[in-house]
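Right, I'll just put the structure down here and ask away after.
First chain written, first letter: the chains are A, B, C, D, E and F, and each begins at residue 1.
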Amino acid sequence: MTVSTMPFLLELVVSLFLIAGALFALIGSIGLARLRDFFMRLHGPTKASTLGLGCLLVGSLLYFSFQRGTVSVHEAIVTVFLFATAPVSAHMMAKAALFRGVGKGGPSRNYPDR
Amino acid sequence: MTWLQRWLPHPLFTGFLVLLWLLMNQFSFAHLLLGSVLAVVISLVTQPFWPERSRVKYPGKLLVYLGRLLLDILKSNLVVARRILFQSDDLKPGFFTYPLSLTDDFAVTMLASTISLTPGTVSAHYDREGRTLLIHCLHLDDEEALIQDIHRRYELPLQEIFDD
Amino acid sequence: MELMISVALGILTTCGVFLILRARTFSVVLGLTLLSHAVNLFLFSMGRLTTGAPAIVGLTPDSADPLPQALVLTAIVISFAMTAFVVVLSLKAAVELRSDHVDGENPNEDRP
Amino acid sequence: MTHLMILPVVIPMLAAAWLLLNHRASIGRQRVWSILSTSLLVALGVWAVTAAQADYHTYWLGNWQPPFGIVLVLDRLSAMMLLLAALLALFCVLYASRGSDREGSHFHALFQFQLMGINGAFLTGDLFNLFVFFEILLLASYALLLHGGGRARSRAGLHYVIINLLGSALFLLALGILYGLTGTLNMADLAVRIAAANPDDQTLLKGAALLLMVVFGIKAAILPLLFWLPRAYSAASAPVAALFAIMTKVGFYAMVRVLLIVFGLDSAQPLNADVFLWLWPLALVTLGLGAIGILGAASLRTMAAYMVILSSGLLMASFAMAEATVLAASLFYLLHSTCLAAVFFLLADLIGRQRAEGYDLLSVTAPLTNRWLLGTLFLVAAASMAGLPPFSGFISKAWLLQNAVSHPKYLWLWGITLVAGLFMIAALSRAGSGWFWKPEPYTGRQRRRLDPARVATVSVLIGISAALALFAAPVMDYMSATAGQLYQPSAYVEAVLGESAMANGGHNP
Amino acid sequence: MIEWAVNLAITLFAVSILLNLYRLAIGPDIVDRILALDTLMINSIALIVLFDIRLSLGILFEAAMLIALMGFVGTVAMTKYLLRGDVIE
Amino acid sequence: MVATLAPLAGLLLLARHWPQLAADDPLIATVQWIPQLGLDLSFRLDGLSWLFATLITGIGCLIILYARYYFEGKASAPRFFILIQLFMTAMLGIVLSENLLFMLVFWEMTSLVSFLLIGFNWSNRGARRGARLSLVITGGGGLALLAGILLLGNMAGSFQLTEILAQSDTLTNHRLYPLMLSLVLLGAFTKSAQAPFHLWLPHAMAAPTPVSAYLHSATMVKAGLFLMARLHPALGDTELWFALITVTGMITLMVGAFVAMFMHDIKGLLAYSTISHLGLITLLIGMGSEMAMAAALFHLVCHALFKAPLFMMAGYVDQATGSRDMQLINGLWRWMPALMLVTIVPAAAMAGLPLMSGYLSKKMLFSESLLVTAPHWANVVIPVWVTVAGLFSVAYSVRIFHNVFFNGKPRDLPIWPPKKKPAMALMPLLVLAGLSLLVGLMPQAIYDHLVHYAVMATTASHLPLYDFSALADAHTPAMMSLLAMLAGLAVYAARKPLFAIHARLPDVDAKDIFETVMQRTIRFSQTLVYQLENGSLQRYLALILLTTVALVAWSLTGLEQWRGPVPLSDLDPLVVFGISILCLSAVGVVLFHRYRLPALLLLSVTGLFVTLIFAWFSAPDLALTQLSVEVMAVVIMMLALSFLPQTSPRESRLPRVLRDLFVAVAAGSGVAAFTYAVLTRPSNSISDFFLTNSVPGGGGSNVVNVILVDFRGFDTLGEITVLGIAAVAVFAFTRNLNLKHRVAESGHSHWVAEPHPVFLQVVAHMALPIALLVSAYIFLRGHNMPGGGFIAGLVTAVALTLQYMAGGLAWAHERMRTQFRSLIGAGLLMALLTGMASWVFGYPFLTSTFAHLDWPLIGEFELASALMFDLGVYTTVVGATLLILANLGKLMTIAGPGKEIG
């Protein structure tokens, strides 16, 4: 790993982004594992994991931009793509859960029942 | 249909594609040329899949909106993180129906995505006829306040952007 | 690490083989997929395992063996084609024979 | 390096791609392209056989020298197989063009792909490339097998496909071992490196050789590996099944090629000896099973499928004797048995179409039209298949048995072959007398017209078998030289890698 | 420091993946499993990106991009299957 | 009458050669056919072949003459004449061959043609069965003979008789002599109806009478005798020869004679009598002395001369009365006096009455039997034996004459009064009877001029002429003859009680036995085959796997050390983690395999981790490919899943699970062991060449891609062909798949489950152009960085698949504006034509070229022909993937079968 030439501050920022991202993702996954009801579990990954990955990608963007000397924005594209698709994934999964009656009689109030 | 409209059905989006190409590669004249050709060709080829005309009236405002959204996402995540980690047993999840005033599909999608990405809410179903969104909330305290908040914070700006 | 890889490939193979010996086409397809993973990884590892040295000229000082990678790539594509084919075929067979049972004559199957 | 060498692969692929591009073309057009392409292949086959008599020919694909690039090698064996496959294919496509090609979609494109795969397998000098061509020919054969649809085909097809997928996995495993220990894929280079490997590595390589034997054994139909075959072959439509007669031979070809060249260079202790040790008993039992199956078959197609098994057994048993003279005879037998198996598949259809009911079931003795003509064709084919003189069956069997005498274990081969011949006589006379003698003359109201073109196709194919007997001497000379060439792996290596390769232990740039 | 951070991040993502697998295994409903797989995909994008940093290669982003695309398509396919009994109709 | 011309001509030709018989050397004419096999078109004319050929053509002429009347007015006549000519040719071939293999050709031909002749009246069940029985026995014998002759040829180094006959000592002392002799004799015995292979002959009587008269008296059955006589000089004069042939002949002689006596069917009686006489001749050949040989050949001639007219008589009676049953046919002399008169001579000859030919030959037999001394039992047993057999032969000869022409009045005959044939029809009988009489009257002359040369040929020595006057003086044979005659008459007189006793014996029909044996064998075969090939895919797979494991395990027993010399590398925790998850998910797939969707999800995890492993171990291209392929595969499986049961019952019992587990663990251990063994050994690969030449030779820095499109582009060409075939195949066999009943079931009316969710549509529409741009990016950079046509193609395909999912098949397909099959064809053509383009420059197929160009404003860039090739790959992949998906999707929707998509 050739990081020796990196300024400390940049290194710190990159590290922070990486670890923050990892933490967000971990929280999302903890939510997925721990929460009681499908619809509650749905929140964790769709938000936390997406953001976690976003942070990580920003860290990576900074890191490689420095490494290569030019702005490397591939990560940004991945991030944008994720942010655009994650809500739709969640939407589709929520639909599937409603269709199957998952969580009916669970902790979520006002369970729609037509 | 003008000549330009025929060849550039989604000029804004085509521009976005060119930019994307330049971002993926290097900024150079060759890539600008190649990217433009690709963008135009791809736009034309995919045009049948995207028959609606673009309705973004104020691209600038869209950027502002997206910036605000990013901040909200950060905030919302901290909130959700706290709830997941420390309050998971006290959560009061529930569904509520959000009455839409937006009509444009793209705009509604933007709104629904925004909702899904921000504090403790996930849009679960879009009733196109009844023009409502079914939303699941991780911690549903005050339904009315939440509806007002969404309307003010997101739906109104979107209405402006899309002139809906 | 070699031992670990070997054991892993062994386990993958075992799982794949066990599944293709089940009586339903779907299990067989699952088994074939696992088996092809195992085989692809095997072929891949025959070029020896190298970390951080993709076979791209000028990227890193040393380089992984590119040939097995090319072979595995071909094998992956071929096994994709075969999987698609076999899935559709098993679907066709299941529809026509009214059963996805493949382990001998099935008592429940309709006869012509 | 002549570009003609690549044409057996390029032409059918061109035809197939063209047919797909113009998939709306009328069936007539499709037939024209397909027959044209196949006829060109026959011409190429003739060229190949002529060219191969002089020397080895190699073709460096992409102009990359072996062992780095893929190389095609034309020797006597591949030339002969090319010609055989092309001839057989021509008959099949002509037969199919009388209507069977309409029973499903894209018969001709798939057929050409099939030929591409078969020809590629015959020509390639690279083991991984062989795998690729195997996959092409297998996939095309799966598709052709299912041509026309129906339950029997679906079921048999599923078994066939899955078993061969397992075979492909084993092939890749073997390739992996070979590459892992030798670092090369070119057959000649492999041969050099395997011969030079240390004893411990050789033991592992022997494992790979046995794996390959299983892989090719599945295709060539050897005993515990062949149970997919009878149902698959008897389910296929007639011209497809007839073409499949060459498929087991592709397996046999690969076995010969790989065992004799790749694992046969070390003259002191060739690795193939251990493979032959296993091949021998298994092949003999296969031969026996083929005979029993022929006797127990319920339909002519099934019978033909077991004939394929029987001939595979005989081929492999004689190959396992590991002697050039025996191999020469078994190559001659290969020609004969391929033609005749195809004849029987076509005949089953030809007869089945003329019968009032029961198609080709042996248990049904329905009236049939044109019993004279069909009966005569059947009689000649049956006599040849059962090894009765003066047809090719007799000549090939006699030569095979005669050449096998020098081998210490020849009596086994003799005994089982002859008893199998007896079984075949019993089964075929039973079928023939039940069909052509027993039933009343056909009195059905609507006349089933016998298609003269189909009859002509079958007759000419039978004629080829007769010609094979009549002009056996030059063919046998060719076969002897072929077998001699195969037992000279070092000449092959030199032809492919250049003269210094042996001395340098392979990888000669 | 980055090395340390990368290793820590990898560890955290690995733990996340284990948690996802746990959910994938226990369900209880199939949508839970789909959700778990979707999350797992996202976490593995992270792993790929971290590999890239750790190995200092800078060539694995396409893989990340593809996982994002494929993960999305996969999730949509599965949910559509659940909703409609079919994926393409 | 054209048909008689051929044999007549043959006869004349033979007659022309008669003067040469006295010469020492046989006439030999050879045309080379297959020298490698030692098979030549080689003919030999010596005394023996001359004798046989004369019999064949001579009797042939008469038979054809006879058949002319027999088949009068029958449509099947031409068939008969063709077949009989063929048969005659074959017989002549046997006797005139110099090359033994060549002889075998004719030998088998007689079996085949006689099969057709016996089955001539095919609507008769007996005829069909009789034909098959004879073919199986004689054909099987032929196979044995083939083996025997091959052995013989191998021992002698040639199949030419001249050479074989010259090597008697070498042959009889050879280690394999017993085996060879047994095989040859097996062939001869089956052909000549020696017990127990005689069974076919009586059933061959279903043939038309001319056939019986010719094949089963004069020709085919004599082929075996001919062969023995022919090979006698080479193989004879050993104890084994004597024992095998003599004993067989004795048994046959007795069985035939005994059974003949009790036959009520005229032809049946004649058939068994023939068997008996064949046995007699065999016995004589077995004795092997010159005199015995002379007796054998003399009797052979006599037998042909008297048996043929008797058969003709039988046919005459059969056609006239519609029956052959001697219990019904009686007293015909009144209606057919001429026939009766003509029959006297052959019947008397068969009985061996004095002055008749048969009398002489029988006497010769008796006298020879007295000379046998070699095994001490023979000199008593054989004379007694032949006398008893002679007794029976007298009895049945008397019977056939007396029962047919006298013995009271006819009873219930189907045709009455008997139909008469023109007098000319009796001509052949008359001629034969006359010849028979002639032989009896002037045996010495006949012997000297006809038989003697043959005997010389069979003994390969110049022997003195047989002295018939000496025979006349021999007393003991005369006594034996007399005894047999008297006793025979006595037996005939006492026939009524004997028939009664015989009737009580169990009725054994060889055809039935044969049928039963055949049926049993067939049933056994069917059972065996069914048990082996029982339709269980799993059993086939298990067999293949077990074989593999067993073979490979066996081969590895000699391995000294699994672990090679290369030191193990360190364990990275990350690798441990990834691999553990991979294994866990694989095990998960197994545990969940009965629940389809969860299993599929776990399978995706497996694929994902394989991707990660590729990414970690420096294979980015593989990672990209694996990932895309995995998702497409899972989508395809999902599509198919809706037609398959969602769960499957627990079916496997514990033993089965344990068996499968054993197989699986064995296979897994094998793979693990090989991996470990190879990974710990040093590698020495050709890959350095690729790394060195990738940029200068292939114009790309991504070596994997350069290998794919250049170094081993041929593989890639094959690979996309596979993909194309798969797609076309899927198209072909889903086209007419009818799933209407499924469509009816799938009515989803749930409020949340709309077919095309709006949000999904919006995102999908936006994703398409972006994905296309990304594919373009991946495509263009592939030559230098991870990517390439294949991955780009899959990305495009995935993006388009997303359109299908979001907007529906009909909606999306309308907008594709392309035919996927054409796309596949175009892609393949593109790749192919790129490869062919190199011919223009004189380079081999697929030779790549590239150029670095420098254009104003744009700068330097590279153009490579490989890019064109890769474009073909891209196009094919897109077309193939979409064709598969669209057609799978089609199954449940749109118009149903018949409507083509793609």
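Just so we're on the same page, contacts are C-beta pairs under 8 Å (C-beta built on N, C-alpha and C of every residue); 3 or more make two chains touch, one makes a residue touch a chain.
Everything quoted here is computed from the prediction, not taken from an experiment.
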*What is the minimum number of touch steps required to go from chain A to chain D?*
2
*Third chains touching both chain C and chain A*: E, F
*Considering A-F alongside C-D, which chain pair is linked by more C-beta pairs in contact?*
C-D
*Measuring between mean CA coordinates, which chain is farthest from chain A?*
F
_Farthest chain from chain E, going by mean C-alpha coordinates, please._
F
*With chain centres taken as the means of their Cα atoms, state the distance from chain C to chain F in Å.*
39
*What is the distance in Å between the mean C-alpha positions of chain C and chain E?*
21
_Centre distance in Å when chain A and chain E are each reduced to the mean of their C-alpha atoms_ = 10
*asked:* Quick check: how many Å separate the C-alpha centres of chain B and chain F?
replied: 74
_Going by the contact rule already set, what residues in chain C reach two or more other chains?_
20, 25, 28, 40, 42, 45-47, 51-52, 54, 56, 59, 67, 71, 74, 78, 81-82, 85, 89-90, 92, 96, 102
_Sites on chain D at which at least two other chains make contact_ = 128, 132, 135, 139, 142, 146, 155, 158-159, 162, 166, 173, 176-177, 179-180, 185
*asked:* Quick check on chain B: which residues sit in contact with 2+ other chains?
replied: 20, 24, 109, 112-113, 123, 125-126
*asked:* Which label fits the chain touch graph of this model best, line, ring, star, complete or other?
replied: other
*Tell me, which pairs of chains are in touch?*
A-B, A-E, A-F, B-F, C-D, C-E, C-F, D-F, E-F
*Enumerate the contact residues on chain E facing chain A in the complex.*
1-6, 8-10, 12-13, 15-17, 19-20, 22-23, 29-32, 34-36, 38-39, 42-43, 45-46, 49-50, 52-54, 56, 58, 61-62, 64-65, 68-69, 72, 75-76, 79-80, 82-83
*Residue numbers on chain A that touch chain E, as the complex places them*: 1-3, 6, 8, 11-12, 14-16, 18-19, 21-23, 25-26, 28-30, 32-33, 38, 41-42, 44-45, 49-50, 52-53, 56-57, 59-60, 63-64, 67-68, 72, 74-75, 77-78, 81-82, 85-86, 88-89, 92-93, 95-97, 99-100, 102
*asked:* Considering only the defined contacts, which chain F positions touch chain E in the complex?
replied: 574, 577, 581, 584-585, 588, 597-598, 601-602, 604-605, 608-609, 611-612, 615-616, 620, 623-624, 627-628, 630-631, 634-635, 638-639, 641-642, 746, 748, 750, 752-753, 755, 760, 767, 771, 774, 778, 785-787, 791, 795, 798-799, 801-802, 804-806, 808-809, 885-886, 888-889, 892-893
_Which stretch or stretches of chain C touch chain D in the complex?_
20, 25, 28, 32, 35-36, 39-40, 42-43, 45-47, 67-68, 71, 74-75, 78-79, 81-82, 85-86, 89-90, 92-93, 96-97, 102, 112
*asked:* Under the stated contact criterion, what part of chain A meets chain F in this complex?
replied: 81, 84-85, 87-88, 91-92, 95, 98-99, 114
